[in-house]
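Below are structures written as structure tokens.
Here come two complexes built around chain A, the first alongside chain B, the second alongside chain C.
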Partner chain A sequence: MDYIAGVWQDTHYQLIRVISMMLRFIFLVILIVTSVLKNVVSGQVPGRDKYQLLTMPFNQRPLTLYRGQLHGSTGYKFAVRTQYYDSEGEVVYLRNTGTGSVYHYYFIELRYGLTDFIELAAETNFLKRGIRSESTTYVSTTLPSSEQVTVNKLTEVKGMGDILLSAAVRFPLEYKWFDLALRGGLYLPSSRYEPQEPSHAVSGIKEENSYTVDYHYNNTNGFGVPVYELSGAFKLTLNKFTLNTGIVFSDPTKEGQNIRWEEALVERDFSYYDNSYSYLLNRTLTIYTSLHYQATGWFDIRLSGNYRKSDGGWTEYWGNKYSNPETRLFTIEPGFELQISPTLIICQNAGFPVKGKNSDAPFYLFTTVRFNMFPFLR
Partner chain B sequence: MRKTNILRNIGIVAGIFIPLILSNSCEHSEYDLLDPAEAGIWTLFDTTDGLPSNEVTEIKRDSRDNLWFTFPGYGTAKYDGSDWIYFRTANSPLLTNIVNCLAEDADGKILFGTSEGISILNDENEWDSYVDSVTSMYINTIKVASNGWIWVGTKEQGFYVNNGSGFVKTYSETYKNVNVIEEDADGNIWLGTDNGLIRWDGSGYSYLTAADNLPDNRVSALLSDSKERLWIGTRGGKTVSWIDSRGIHQLSLFTGADSCFINDIIEDRKGDIWFATYNDGLIRFDGVIPHSIKEVNGFPENSIYSIGEDKHGNLWFGLYSRGVARYTLPIN
Partner chain C sequence: MKKSYLIYLFMLLPATMLCQTERQLVPADLKQQTIVSEPVTLRKGFFRTGIIMNYRVADKYFNASGEKEYYITSSWGSTSAYGIILQYGLTDRLQLDIKTEYRNKLQEFQNKEIVAGTNTTIVTTTRQKGLGLGDSHFAVTYQFLQEIERRMSLTGRINVTVPTGEKNPTNIRSVEKYDLPVGEGTYALGINISARKILYPYSLAGYIEYKHNFEGAKKFSAADDAESNFRLGNRFESGLSVNLHLNEWIALANEINFSDKSKGEVESIVTQEIPAEWALSYEPSLVFQVKRFRLGESVRIPLKGKNVPADPLYKIMIQYLF
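And now, the complex of A and B:
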């Protein structure tokens, strides 16, 4: 069985590598073709003015922006982490252990249409979350005894995420009912990714060996190494219905180095020591599909499904490299897009986890405000 | 003009994106990766697995990553990660089967401390020995210092030092029992006796006793850790002590008892300090909290002689009567 599993694992990696290479090749071909055709195909949006382009409903829009069009988006995701999926795919309810938490995710993105078929984009995010563990009290193994230490633990994650720079191309044909686009991007480490020194404290000292320890770990956001991302998207519109589906593949470009903090308590004061370790991020594959209904020209409702899987990475613990667990998560996302004015669009999605493995399963609400304009065109 | 524009566009696009497209992703799976499910696991080895005895007093790793075990009354054994090789008087020139401790010298020879002297095994499987021709030489502990000097602690006969020119005995009635020897980060040698600690700083001796805030005079375990602390375990103290640049500190092991008998101390790769006790189980100190591991937690036995570490960082515990327990460190 181990042999079969090993062969399957190797085949799996080879398959992913081939898909990755194919995506790169297609991307390159489309880039060149698009560049060549940019000046050959003229008048790609015949008979349309700036106002028409700005107010174009979702089911008439291509997968990339028009030349000179700028989208500035800012978003906020509020997620409630009340459960996770264990290694067997079983749901573990965190309210039972008192370790539920929320997180706040802020997002900003700029997209610009370089031509009618090439788009440049940049995005980053800011994450803030705190996971408070259930209090634990340690007492002497022989009772009665006054020795008692209560431990509270707060793991905070806070900080800027990496910057994703990407470019997308679509086939150089005016969008009627079918579109295909490919996007390539690179996450560039832009922020401090090593965890900052913890800020533990001792409180509630009653006797020599009776007190409370408040652990406070200060973790940061970001991958720590450049991660490339390739994706393909497909859009099909039939009257008021649109099917939008795609695949996103990301993989780290190299191994990373990080640190873990170790603490020592001496006379009620903490000393901290850092130990370095190496790691390789998992490669990640995301497949999404959404079905849209254009209720009116300014209102689109949608139902999306996202399947995300990651594996292939490892993390060093105490001199040994351990495989990262394979994670999976399938989420259903109902949502809508509301065009308030030609320059302002609001999107909102709610995420409901359905199935997973080794993964947090948060419910979330993601609201995005998008500013839509042609800043350099009169 | 159009041709120029086309070429320019190709140039811009290619210049920006081709490096990205052609960038190589990281190669995966080129390592022997361990399964996370293998972490945090206890495994017991005993006579049913072929060990000559279930009493294991010492566990040490040599420079070739072999693990060595001593079995009082049953000789010694080498474990290379897959096979066990046993040495006893019946199949080797070992002085006696009562082997209490061992160490590796600067030349890679294994020194076995026995109840009759030192048996020495070199790389070529050739044996030698050292015995005191005048007095008995029941060896409790052997330490090879970073300068190559060999320090030997005995029962009732003080200690011996070999600086390369032969063993020289040092004896005083007060410090005749030397239970453990350790070298600190500054190169000082510490000898734990039944009447306190002796420190050799390279030029002379100084002494520490319960009057200097040691938990007890009967020092039974010493460890110099990676944070330049010298840990001191005793046979009767309520706490364990450590010495650093700020002085002597006390740590309650949360046993709740008035005294605790520490047999061995080790630091794992994670930085946790482990204490092997008599009758109080194992205690893992994570820097803040001492965690008790006893029979009630599923550990085989509450009395542990010694702790060793293999090349993977797994901890091996020599038990009084249940053999050897191996523990792979957890990954969180």
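And now, the complex of A and C:
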């Protein structure tokens, strides 16, 4: 009996020792898993400080912001539109016909890192441009006194764009050499999209039947309907080189209604009336790829390629729906990103059109100043 | 003996306390100073050379009423200039400047004329180009007051413009087709007074300038048979700038500039052909100082004006100090 009791006691002790070891092991595993999970979820290596995160070079930066990080960007694009791709993809030199123009595009964006792998963003823009049409002089010599009317036409587009609200989620691991992100957003039709009344004028009256008519249309910016946007991005870093590629798809949620101004010229005075029409915006697909070289920690040089295609929309004229032309444009963009201080970054891209169809082909210079901070972190 | 040692040490104490260490600047360091920290004139024996490129298109202008308008007829124009600057410090206060530029001007118009009676369409395309050496400028700058801790610098400059650029339309094929002039065709003398104060990492500067244009002669259009005597209006210009270091080698400059030019004369008669003009502009610049190299980018944005272009003027500057 004593022997049995001894064996039982030994077994009991061994059992307790095994259970104790198992508990220690489980505790250790939980500790390790918790620690790993914490790092995975936060995406940060312990020991990184705010300064390090603010000055993180492009090739070591994930596709979304760090938790608590705020980016405020403001940008200006100056574009010179001197050529156009026609429906056959041939270049039409607008400056030769005196119809070249300039557009000024101002941009503002706010991005905030909700966690290390979720980001919220809001952006809007302001656009200003005037497109001249070819001046035409109509001469009639059939009347007793010859009549000569010169017609100039300018279509001005000016105004705030819609507000895009978006959220992005990235691969929940610390960025080492690759990253994936998905973004979804919606353009709220916040801007005043209906065109303003034209401001046509009659000038240069030399004789009774000779004068100049200046048509001046005042269009606005904005889609007029909600447009959703979905995008995916991929980033791959190999030492100082980084490949960043992505796809952006946008589509209107519904058909829109707008007005079109018509005019009547009586005794050299214009009167205006508007007609409403319906429309469906084109859906747009953009594919971009950029190759980056991190020359030093504060200087990144890049060469990007952008391909943009839009189709599928229509516009109503006199009760009939006419499909919008399919547009395509491929642009090459050399550029750089310069970290001036932990809180200030400057980016600049120059855009050169390479190929396209039914599309303006402007040369542009896009400068962005980015303020970078952790407002709630000391 | 012990006492005298103590007295001696006590006497040395203030000297030890007041002793300062001053960083010795070698010429190589002096040549790497930025637009914020460098003296307003070059130091003796220093030589700087540089290129300035600028570009502007003709899309909008301020009319005679001061309103911003698009050019409404079908027309397109652009102008660019590639200037070379040589600067030399004769003494620590006296600097010589030479500047000349190569200009490229372009104007294109098209008009379609539809004649109803004969049912014909006539398209008139006008393409005018101007390529060549523009006018040259020579300047002498003298620093009356050198900047010290509590005093700003005060500098005077005399600027002479020599009409080295072609002043008349050339290669005339028709009234519409000819090469544009690239020079003003007149001598000019300018006086500039500027002041600057460094409050590191900032510097504040201001200047006033008056330019007197002398009489010259040129053809105002390709249809003119002979040159007409003319005189451009005199020009007053002033500017205020606040510059700051964004880091040790990048400076941001901000300038508000005002210029006013009086009416010109043709054959001693005040004419609308050379109208009075004024402009108020803002010019931010970003200047990178990489050792002795200086790379700058700026844009002059017209804010208000009368009879002047309303499009931004882009400038890129590259300089090297030998």
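Heads up, the rule we're going with is that the second predicted complex is superposed on the first by the 330 of 378 C-alpha atoms of A that agree within 3 Å, B and C clash if a C-alpha of one lies under 4 Å from a C-alpha of the other, contacts with A are read in each partner's own complex, and residues count from 1 in each chain.
In this section, a residue touches a chain if its C-beta (ideal position, glycine included) is under 8 Å from a C-beta of that chain, and two chains touch if they have at least 3 such contacts.
These numbers were taken from a predicted model, which means no experiment stands behind them.
Under the stated touch criterion, which partner chain does A:Leu238 make contact with: chain B (first), chain C (second), both, or neither?
The answer is neither, since A:Leu238 touches no partner chain.
Tell me which partner A:Arg132 touches in the superposition: chain B (first), chain C (second), both or neither.
Touch partner of A:Arg132: chain C, not chain B.
Please work out whether A:Ser140 is in contact with chain B alone, chain C alone, both, or neither, and reply first, second, both or neither.
Once the two structures are laid over each other on A, A:Ser140 reaches both partners.
Check the residue A:Thr97 against both partner chains and state whether it touches chain B (first), chain C (second), both, or neither.
Second partner only, chain C.
Which chain makes contact with more of the residues of chain A, chain B or else chain C?
The partner that reaches more residues of chain A in the superposed model: B.
Which of the two partners, first being chain B and second being chain C, lies in contact with A:Leu280: first, second, both, or neither?
first
Do chain B and chain C touch any of the same residues on chain A, and if so, which?
Common interface on chain A, chain B vs chain C: 138-142.
Residue numbers of chain C touching chain A in their complex, please.
So the residues of chain C touching chain A come out as 57, 59-60, 70-76, 106, 108-118, 125, 127, 246-247, 250, 286, 311-312, 314.
Given the complex with chain C, which residues does chain A contribute to the contact?
78, 80, 82, 94-102, 130, 132-142, 150, 152, 154, 156, 214, 216, 340-341, 344, 346, 365
Quick one: in the complex, what on chain B touches chain A?
Listed in rising order, the residues of chain B that touch chain A are 2, 5-6, 9-10, 12-14, 16-18, 20-26, 28-29, 31-36, 39, 227, 246, 249, 252, 254-257, 268-271, 280-281, 287-292, 294, 312-313, 329, 331.
Would you pull the chain A residues touching chain B in the complex into a rising list?
Residues 9-10, 13, 17, 20, 24, 27-28, 31-32, 34-36, 38-40, 115, 118, 138-143, 145, 147, 149, 151, 167, 184-186, 200, 208-209, 213, 228, 251-255, 262-267, 271, 273, 275, 280, 283, 312-315, 317-323, 325 of chain A touch chain B in their complex.
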